[in-house]
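Below is one structure. I have some questions about it.
Letters A, B, C and D name the chains as they come in the text, with residue numbers starting at 1 for each one.
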Amino acid sequence: MNHEFAIGGNPLPVAVLGATGAVGQRFVQLLDGHPWFRVAALTASERSLGKTYADACHWVLPEPMPIWARQMPLMASDPGQMDLRLAFSALPSDSARQVEPLFAAHGVVVCSNASAHRQEADVPLLLPEVNPGHTHLVYHQQVQRGWSGCIVTNPNCTITGVTVALKALLDGFGVEQAFLVSLQAVSGAGYPGVPSLDILGNVLPYIPDEEEKMEWEPRKMLGRLDGEQVELARIDLSAHANRVPVAEGHTVCLSVQLGRRASLGEVAEALEGYQGAEISRDLPSSPRPVIRLRQEPDHPQPRLDAMVGGGMTTVIGRLRPDPILDVKMVVLSHNTIRGAAGASIYNAELLVRQGLVAI
Amino acid sequence: MNHEFAIGGNPLPVAVLGATGAVGQRFVQLLDGHPWFRVAALTASERSLGKTYADACHWVLPEPMPIWARQMPLMASDPGQMDLRLAFSALPSDSARQVEPLFAAHGVVVCSNASAHRQEADVPLLLPEVNPGHTHLVYHQQVQRGWSGCIVTNPNCTITGVTVALKALLDGFGVEQAFLVSLQAVSGAGYPGVPSLDILGNVLPYIPDEEEKMEWEPRKMLGRLDGEQVELARIDLSAHANRVPVAEGHTVCLSVQLGRRASLGEVAEALEGYQGAEISRDLPSSPRPVIRLRQEPDHPQPRLDAMVGGGMTTVIGRLRPDPILDVKMVVLSHNTIRGAAGASIYNAELLVRQGLVAI
Amino acid sequence: MNHEFAIGGNPLPVAVLGATGAVGQRFVQLLDGHPWFRVAALTASERSLGKTYADACHWVLPEPMPIWARQMPLMASDPGQMDLRLAFSALPSDSARQVEPLFAAHGVVVCSNASAHRQEADVPLLLPEVNPGHTHLVYHQQVQRGWSGCIVTNPNCTITGVTVALKALLDGFGVEQAFLVSLQAVSGAGYPGVPSLDILGNVLPYIPDEEEKMEWEPRKMLGRLDGEQVELARIDLSAHANRVPVAEGHTVCLSVQLGRRASLGEVAEALEGYQGAEISRDLPSSPRPVIRLRQEPDHPQPRLDAMVGGGMTTVIGRLRPDPILDVKMVVLSHNTIRGAAGASIYNAELLVRQGLVAI
Amino acid sequence: MNHEFAIGGNPLPVAVLGATGAVGQRFVQLLDGHPWFRVAALTASERSLGKTYADACHWVLPEPMPIWARQMPLMASDPGQMDLRLAFSALPSDSARQVEPLFAAHGVVVCSNASAHRQEADVPLLLPEVNPGHTHLVYHQQVQRGWSGCIVTNPNCTITGVTVALKALLDGFGVEQAFLVSLQAVSGAGYPGVPSLDILGNVLPYIPDEEEKMEWEPRKMLGRLDGEQVELARIDLSAHANRVPVAEGHTVCLSVQLGRRASLGEVAEALEGYQGAEISRDLPSSPRPVIRLRQEPDHPQPRLDAMVGGGMTTVIGRLRPDPILDVKMVVLSHNTIRGAAGASIYNAELLVRQGLVAI
């Protein structure tokens, strides 16, 4: 595919809302050199307004801050001040709840990483390789709210890879129940996030509100679009969330009860062969492959596997029978790429491809 | 209780087999000042024979090497060379399989931390606060094997705290099924053990043979002694084992299906109030309390809770309903104290109290 | 010595100012069971007033919060509200600058861990085993400021062990110059302190204002009391300060040019044999020994050596010739015990012994 | 420059000796897609012979094992079995001492990361941006030893960046003395290398033989080629070596006495502007830039700066006056790229450019 062609030649100018935080930085880094999008505005909270991005931002990524971003002035998150059709939101949830609707009302498609609107019935909770059809909710959203823009969300970072795995299993065999125990990286808590004294040589067996998201969000994404809303998938999920001293990469131990008996070989095939709908496959951020299945007993590991497929691939290993349910496995995905900024960008690419972003 | 009185005045001379490794060091440290036992012999593998303990041992504990141990000469693991009634074994499994029976045949009670003999029908797999009656197997063991001594084992470090928790639940409500996902400290792998390059900022989602032990050992300990053997408890267990960058303290996420409905309050009461049999309570190493139930949402943590009760208490937190099974919780225990050397010593104390060690 | 006798029977009631922070917690923990002092008041900032200590304090120490502290109400740092002769200050520097003089004016001896007053000419910067005579400054301080109480400070955590080492060398041979490169634990930055994303698997080669303190404070403590002030010692110091992923224990690489030639054996003897003035030796918190010299090439290490002497001893190792200056060594001390709360308590004990605290 | 053209079209077949270790893996990874070199042979110790690289190698790098390497058979380190002109040696020192001369005698140019031959008078200790002219020693080496090949070494990983910095200062102002205190990553110790129990949350203040190398090797590289040997530079160096819990990237705190007074601005200019000899600049592995000078007070950091210039750039920060010597700074370089495999490859490129590798 010719990515340049897809949107007619000129990269689309976009905004990054909440650009100075950890996820905001990841947006800026991933959009550097993006074939379809060009960052035209960076927003921040009041005390950073007017400063340049380089001055206001305590950059925490190993990849260097892009040159073009350094001198960009930080603006308020005010849609009236910018003439754009697309915005990426790395806003904290409180602020997202206020600000994102203003942008949507102003005609902007907001691809949001915030949890604020994920549970609303007319807001897609979207992973392109899982439920690209859920973007139809946008039409109801626009009608119902009188917006010319819209809000589209991506799920919690921890559940992203798990949902991809569950989708592959659901398509193949059905899924009844699943246990999920996460070992999550500190970057998932943003910056400054987790105090070092709490996590050096330690485990925190609790992350506020995380388990609730892990137990609910997959059911919306794996649910069936039924007219103007999504019927939640009937899958019972039980989650334990833990923080571990890892910088990037969320690991989830997953035990699944399938809808019908399947051999390990069939399960492996269903995972490895999973591709997602045609429309999700050949976008700039599409994971290649969607799922990588590792055979070595000691994989996936965050240090070694988080960057597979540019950080967009879901890496699975240790597939084996489960003595209680059917199969056990370990699922890894990169929490600030596949699980956050990369997810929103991939969503935006799908929306462009579906013609939902005015170009 | 007057501990000194319990064994009639003079501390019993004991051997530590495999004294230079990480668990061997923990035996030496915990036996420093023990009211009933006095270390009279330290054994090591061939290349250390004749050296002093201080010279041969790369000490890895924060607690200092006891003064009396420094100049002790390292001996071969040969029961003929020492006149002792009690030995603690920190031998690696291969070597334990050969050596421990020689000691038992020679009249020595061997309290072993090795996995070599745990699955044998006439060998107790023992936690005093869980199954003190299983020491009756010793009589069958002696008759069957023609030994005047015996071998008594303690379980795998990861499953120790979990088994205490399951026992409290079993007594209260019955237990049908449990999911166990461990986040294990590196000291569990001994020394040198896990290479730092593998675990710094990383998770290893695999520990060889660990899950098999986690799924089987509790069933023996929670089983019913039936004449000359233990009938395994009918509990389905499913385990995921992970290594995390923590020095000491194994954390386990536990989801349990009880035998009958119980409120969270009842479950909390059953855990907190659990005491074990009378005979296990007032020994020098008895955990005080057996179980500590933490109410704070972010406990237990290895850094903050591993040393509760001198490292012998099982610390439980995050008790809450489980959407699939009945209850979820997090269980922590100190892996080289409650889960290894401290376990063997506590076992030996029980055997002394039961009159199974000749004094 | 009979510690109880020393102050006439009843423990002295004391306040801990700024009790909820990391150093404040260490004061509370170290004062638990102290033979001379009993905590009678805990103070905190406005938003914690009226709460109990257990409710307001996010406890970060592995040692449990003392039972007696749990239900104590938090008070404002107002000397009028408490009838006490002695206060320990864990206040942040800004607040210490305002509050500590109010206490001193009100007749309270303030033993402060804050840096606010360390550079003032009439305020002792005190380590009992180094410069106990500097407490004479208190008389000038009281006359000059019209206070019935006083302020006595302890030095920066990083420089504490180094100053003890330099004092032993100074007494033995004179000291001309020293290079100091620190590898500092995160607990030195308080709580929440260093964000985990900044320090996991990383080194921060900069700690604001730290090198200035490292280069100046030893010169005051090693200086000669000359009438009403201290003449700074003429020692050139050059410091590099680094933060490393360690929880407790500051390591300093030290190269020293002595005033006169000395063999390594003589230097070792001077370090190991160093005792400090008679008056500093037999106090409840006196380090025993003052300096521990380790012979093993790979010591001192924070994990293994920070708690020597209950965390009050300065541990030195790797003594060897320096190709440029005279000798090189590595110095370790526990940063929140010897380097912070323990230092203030030890100072207070000296003041009691010197009759400077009204009893 | 057209790299392909430089060696006439076809990539030169090369061997990697000791390919399964941590540095061997880095060679394989860095040579993947190299414009001049193509890996034609991988060697390993006896127990791996005949296995494929994928089977014998426990891959520890985050970058994936190149596809072409997976099925390559492991061979003995025997020059008679391969027809090659160039070999990269990641052999351990003992084995390098035996094996490398066999290759050199057989006509192979050996670019070695081992320390075995670094101190020999006729063996270049080489950093292309520092002392490219030292390759003239090769002629003496060949004459003296009767070899048609040769051995060329790169320095110890810790001293690499420091030597680049010292060279820039030497050219600008002269250098008299320098203090070097390292904070080294665990990957510098190979695999399995440092046990995790030794380094998690800890500092090891000792690395065997490291300080001796740090104090000697720069003097050879900064020395003047005088006929058939190098006259060591007259610079006094004093080193402290520490291991810290970092995966990749060695940090060195450096204090330098210059040959003549210079302002900080002049020093900054000398560092930033340093380029090395013309011949070292435009090679495939040339660092771009040679030195990056960071202005932010909290840089360089291993996590954020080790990969600057593809891991070949020396990153310097915290330039400031030194109270004893002239200037202080912090120097970072990537220990397995610039400090090991990348160094040998860069050396080989220089040798090709100089016509010392027969093509």
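Things worth noting here:
In the analysis below, a contact is a pair of C-beta atoms (placed from the backbone, for glycine too) under 8 Å apart; a residue touches a chain by one contact, two chains touch by 3 or more.
Because the structure is a prediction, the values reported are computed rather than measured.
Of the two chain pairs examined here, C-D and B-D, the one linked by more C-beta pairs in contact is C-D. Ranking all chains by how far their C-alpha centres lie from the centre of chain B, first place goes to D. Here the CA centre of chain A is 40 Å from the CA centre of chain D. In this assembly, the C-alpha centroid of chain C lies 43 Å from the C-alpha centroid of chain D. In whole angstrom, the spacing between the mean C-alpha positions of chain B and chain D is 48. Counting only residues that touch two or more partner chains, chain B has 60, 200-201, 245-247, 303-304. Against chain A, the residues of chain D that register as touching in their complex are 59-62, 64, 200-201, 247, 303-304, 306-308.
Touching chain D in their complex are the following residues of chain B: 22, 60, 186-187, 191-201, 245-247. Those residues of chain B whose C-beta lies close enough to touch chain A in the complex are 177, 179, 181, 183, 201-206, 208, 215, 236-238, 240, 242, 244-247, 251, 253, 255, 297-304, 317-318, 322-325, 328, 330.
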